[in-house]
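Below you'll find the structure, written out as structure tokens, and then a few comments.
The letters A, B and C name the chains in turn, as written, and every chain counts its residues from 1.
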């Protein structure tokens, strides 16, 4: 059932208003904080108010402007989009609070919070995009809005990372644009409201080239190897930005784009016919393992996190590429699972950096006793990545393996297992160092971070457990993911 | 071939004149000579368009007693009158620019001016 | 509101007489000439607005000056492509406002009235060019605007201004001559100068002279439009001219070549006698080359106005590519980019002008950090930069989308590829610019002490920057406005 409802457009718009207010508030700290938090809350309320309807199967649509027939700015909050926007708006609120604590003494805070809000606006815009053009619009805007955040420190290193980031993502954007144009020419529409719009008559070669272009375009942001180069470099950004980049906005938008391309542009039936997804699945499996191996050798905590992100994102791609309902469920759910676990870890890394100035793993000896709550949160996230039952990460691995078996591709289940071992190999040493090694004695007194930073960390950690433990409870995000899968597979 | 050329002698002459002008514009270093080349090109085009209006055995198109058709087409001549006015103002502007260049740089040779830049 | 054709004559008469009177008005006090020319421009804008509304409601209409009938009299014809007069009036008015402070500092007081007179004359020439229905008048108006353009370039008083103006003059005069030659051939073939008449009588004309005529027209207009490799006059002229003049030259005067090309298409397709396929192919390649080479040269510029001048070549490349594709989407995109690029480039040139006026510096290296000192101007420039690269939701995106779509539609996906990746190339140098303004350490800390531009400069820049955004979000308005004209144009090809 489709309902015309302005809330679908209001959700992206509210962060836009927030950004404008933040820029207008000059250097007044109070109003900047007030606007940031109020907008985050308002957005969460708007998205949540659509959730019950969405769970019942209602789809909210809203057309803003139309360029020519069928081409325009239009929003459509279907189950998949709702899932993504629930995750991102929840995390926006949490990250905003964290960022207020983290950025306490940084320069250029107005610019930071302004573009921060713009990023979330564009992310929800991507989530609710009704057609490929709207999606591209927000996808490109996101690139531009994150650039000032990446180079926030204005150091030569940051500028270099920013340049790299732009070259990668804008090339990706250009591919998406070309793909959109060809799609429009072939299908006569660009809507994302159907389970597949491209006809097989367009020719296998054309469709294959189009698929590669579109997947590569979104794959840059989803950091599929070998398109991942920008992500570790972008680590120079302030920690809340990394958290946002890695958990909420940029990479997830890439992964979400891939889901949309596979499910709503090509459609499962057409892709089975083309058989090209086996290649994508193979590439994703390779990325999962290779990135994990690289992560083991990273001593810098944030770089280790970056490679872990690359590995985890390919779970989503793999799940989508397997083209089975269970794997698809895993792919969608992993958007949330990875987001909450990864953001917990980034918050922890940021808190440690603020409290002690330490950035590498081997320096963390004994930190578990000085910052027990922080490191407990870290442990929860680590266990989730390893895939221990009752934690969020387990759900993904379980359904992904089931989905692979459903397709008869048992080797992907082995990939899951290997990945679990590799995750253990690079996360458990961190936990071990923090809790079981003694700290150097000449250490200055170290305390837990300020509550504005500790609070969000703990909340995220709790979410990791909730997501893992409440799969079968109705009304939880999992139900939304199932609804999306049912639509895509026509069940 | 020769006959065709002879028949269209006026057009052929315009083309040759045009090429001479273009040659001067491209190769001459002195700005005034360059501009004279442009003037030659203008003349070529004007001559061409006036020649269009010629009617074999036609009279000058001045109405009066005892003047019978056929007339020479007067419209191209009227147009070229305008064209000459335009060319004149272009020349005036170009020459004033050249004077200012000479005052500022002390030379109007294009190759020397490039060094001044 | 039914069309009232005599307005068309007023559209030219008002600014023309205004231009002639300007030096008289400013004889005693220069500021009077500024006010007077602004008033004239506003009056012209009102007329233009009424006309555009009329054409949107009732379609094209024409007016025969002095009542002589079509083949003999002078006909003014106003169609959707002619609606470019709206943007001519807008930029003209804003450039007048912007010039007030600029002229007061840059030139001797007794010269100021002549500056405004030339500016008005230039705008008149463009307006006349856009609305005339007669080939010879097309030439005359083209010369009016070219001559005033050459003179305006020399006004700035920079060291090599006269040389740049001279170079511009030589190239401009040659291209005008080539066009005049083509007009002569068309007259010889048809015995008429009225465009509609020529179109009708062209059927059955011998192929060889036709090919020469249309080839010459295309060549001439491509020089005017500064397509690569015929662009050599443009960078110096546009970079050295006074900033408000640069905005007019880059935003509007090069478009004369494009509007001329549209008229050529109207005659060629309308008569059905001319095979444009070869020429279209040439245009496509010229367009693609211009996009890439313009961007390539721009990357190496440190002078901000030089960079903007090269970027004009790239953007003209978009338009030429769109025309050459001869598909409805490409043509619509190209026509709308004539409007949008004018607005975007004027934003950038006027913004850059404000920076140069306030700081006295014009290279990116020297201007580093100016974003903190002049936040509004630099924000406007950034909007312009994003827009010209074609990142949504700005004005540039709409056109890029349509032209790329046109390339795919016409069966030339390679050109869509060239366009989209050419745009990426353009982005490289604009990001350099924005980086320098915001994120680089100033070379000379004194730049942080500079104050924001005066209101008479800032307001035009901000108006234009917001138009960049509005034209992006409301992109459908100009698109649907121009669509009937493009379909009429391509109808002989089977509806495009």
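Definition applied: contacts are C-beta pairs under 8 Å (C-beta built on N, C-alpha and C of every residue); 3 or more make two chains touch, one makes a residue touch a chain.
Bear in mind the structure is a predicted one, so any value in this text is a computation, not a measurement.
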* Structure fact -> Sorted by label, the chains bordering both subunit A and subunit B are C
* Most centrally placed chain, judged by C-alpha centres -> C
* Most remote chain, CA-based centroid, reference being subunit A -> B
* At what distance in angstrom does the C-alpha mean of subunit B lie from that of subunit A? -> 69
* **Euclidean distance of C-alpha centroids - subunit B vs subunit C, Å** => 28
* To do: For subunit A and subunit C, let me know how many angstrom lie between their CA-based centres, rounded off.
  => 44
* subunit C partner contacts - residues on subunit B that touch it in the complex -> 18, 22, 25, 31, 34-35, 38, 41-42, 45, 48-49, 52, 75-76, 79, 82-83, 86, 89-90, 93-94, 97-98, 100-101, 104, 113, 117
* **Contact set on subunit C toward subunit A in their complex** => 386, 391-393, 397-398, 401, 404-405, 408-409, 413, 416-417, 420-421, 423-424, 427, 431, 435, 438-439, 441, 473-476, 479-480
* Once bound in the complex, which stretches of subunit A touch subunit C? -> 65-68, 72-73, 133, 136-137, 140-141, 144, 148, 151, 154, 159, 163, 166, 170-171, 174, 177-178, 181-182, 184-185
* Quick one: which bits of subunit C touch subunit B in the complex? Just the residue numbers, please. => 136, 139-140, 143, 147, 150-151, 154, 159-160, 162-163, 165-166, 169-170, 173-174, 177, 180-181, 184, 187-188, 193
